[in-house]
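In order of appearance the chains are A, B, C and D, and numbering begins at 1 in each one.
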């Protein structure tokens, strides 16, 4: 690993991020990344956060048209309430704050505490939970579906609504609509190595893969002998479609987990597009890249988000962040 | 009777024990979790130790609420709020008495454990820290040593279980056959308690 | 690997790229990626190319303000002259074409042949060679310095000059100036796996690293026990500075080789900035990311490019490509 | 006398031999190169075989120039232009005779090898395909079999050398101890020649 010591990984990264992005305010000590011009008068502010190791999520999505602030936790560990409260206080213009929370026990508990504390400080807080991973059944027997690639769609689209000056309840409703319309499925071809552990989080022999993985180095639901890119695309798209019957066109995120070469990821996208066409799913927009990663995990995920005209317009709206940028 | 110093020593012993076991806890968190439980708790208890030295709270309740607050604001993840809640609520239940009886403490700890159950929604058998904490608090009526044995047995009994809460639940059947890291750390905390009680 | 069969990796990737980037013309059969509005009347066109496996280089740099076309070869294999000739014919507006060539025997030979053939077709062709890797001594005993990260600077800055409408000789001179002012050094923490070979191209035990690696999976000049991020930053920056004594401020590229998590790369950037500050080097701009990759190699490279005001202005000029985008 | 069919059979035998050896060539290209030499040549000679079937050139010169052109336009890398130049220049030197003598061929191949030396700038001892091609062309005056032995010996003699050209040169001293993949493939091509000559 390209690190100094495991204990300082997050602080080291924030220092490096500050140097690379003068357009952001990076508070290394308190671990919040804030858009430079916050608070923006009259506008709702989106705050997200989660464990580190998923970069560019969330810090790379801070900027006009997307997040007002992000709170990075330790690697794969949700941030602490102090961070979210500080972030909320820094970005709230009086129009309120929307917390975008991925559905993991740690994130939910910490954001809940933060919401209470922020409200005590007079900040109006709404929350949206992202739970898009169809590999996990949402039942009494699980902690509920994980939040993964759908987070990008929620942050981008709700961020655009906030940038337009829409009120908190509207931004929250849009975020909820996007979260409800997003579904993901992930596949690992190799495990990741966390700084704290220093070795792969699970053993995956060459020639095997894990279907239905999350983004925290946990194994998936099922191990299988290696499949081709086309077969993996079929498995992933079909898994998503069992839970989403898109009548409208979809946004497609073909997401690399960190160590999959862009060459392979583009090839995988070709297969995903083929399968979508075969299944009769209309595609509105396609995004391919390493956006919601799991350190150096090899693999990919597919996220579909069903959009109406309004959501598509907000997706296309200008955005200026380190990792997503168009229209300005 | 147990005074503030007893609880301070408990937290210090817990911190030392977490330090020693951190790698093992992270290892346990790796097949069915995200390989961070040991480093999470080490970070948290290091901060607790520092806070207790700095602020020297002088009642049992103040020691535990301070420790709980520090865990919440330094650990993150699932275990941060849960262990934070455990100690905070236990501390609050102890009020501001300068000394508390073993019975009072056992009652307060039950309040704390119930708060963790309410916050996390986990019941015994869900393969979480509750599987060590709940039997421990039941056995605390007998002795600290009994609580330690009960917590350890509860932690070990999580191995054959299928997880229904937390990250391990994502694995479904594949969570079977691994000890829950949070149950293992809970057993450590109870063992530290027995240790400072000289049992 | 997330592939179908090794033989179709490049074609598969191009199909997926076409689906993801409707703003580009991707000719899958002939393997050229062209900016949609080419040829742009009156403007010089930059054409580059090289082996695949370095994505987003070069295809991800096609678009207004940077390359007019890119020619992807097989993995780690330079493209063939037919591709460059076709690309040149497609983008030449009559103002001429600049070939940006990384200094590898294969690239040089193939681009040389292409230049002759294109000139036979009446296209005015200039060439610039990028040879920025200080790990290779340029002597009788080597094929000369390799082209790596400096390519990004050459393509961006000369691309901006072309976009402004500067004439071929001026664009060529600027490209040459940038190439001459750029120096790189790379480090591998793990080897990459090519589709053709299917296993890592060299053995690098955990706990060791290779200093002075290139971007084709070849080992470096020296193997060492693992170093911290800070020590690696010192080694890389000092290696670059032995051959570049910047009087002017520098552009800094902290580049991931493919499998290094962005979290670690940002941390490494923090260390690179520290070392540059300690060495008294003034920094004008910083770019951090996976730009010139080597499939799934773990590691990073540092490129410095000394810029005057004119080059800095051209660096800051608008660019709109899949991988680099600002100002429009 | 050697006719077009002889050269067609040479190219077909070369293609088959490259096919069989592709993994080994890629393997050789991996410690001191970029692990693609085998797949490069396989792609190229597969295209050569197809082109010869489609276009059926009818003189020795036409067969080799066509083969050379196809290598240039399908292989890429260093070996594509170099092998392409080798065959094209050899073919051109053969002119448009319907049959050529062994001596004429040996002379033409020398022209081809010289062209490769000029294009790539490599001399014998630089650890490249030249180390197999140059001795082969010298021995061709004796027999095809002598050329085969010379090429093979030349290829094997590259192992202790330090590379001065191509990708392997980046490794400096570390290139020592590995056979050059291009020299190995050149030996294969010469062996295919001896094979079709029945030697």
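Basically, contacts are C-beta pairs under 8 Å (C-beta built on N, C-alpha and C of every residue); 3 or more make two chains touch, one makes a residue touch a chain.
The structure presented is a predicted model; accordingly, all values stated were derived computationally and were not measured.
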Whole-Å separation of chain centres (CA-atom averages), chain A against chain B | 31
For chain A and chain D, what's the span in angstrom between their mean Cα positions?
-> 53
Residue list for chain A, restricted to those that touch at least two other chains | 75
At least two other chains touched by the same residue of chain B: list those residues.
-> none
In graph terms, with chains as vertices and touches as edges, which category applies: line, ring, star, complete, or other?
-> line
Just spell out which pairs of chains touch, all of them.
-> A-B, A-C, C-D
Please give the residue numbers of chain B that touch chain A in the complex, ascending.
-> 26-27, 30-36, 38-40, 43, 72-82, 119-120, 162, 164-167, 169-172, 174
How about chain C: which of its residues touch chain A in the complex?
-> 1-5, 9-10, 12-17, 19-20, 52-53, 55-56, 60, 75, 189, 199, 206, 228-230, 232, 254, 258-273, 286-288, 290, 293, 295-296, 298-300, 325-326
Interface residues, chain A side, partner chain B - complex | 6, 51, 73-82, 104-106, 109-110, 113, 135-136, 140-143, 146, 194, 196-197, 201-202, 214, 216-219, 221
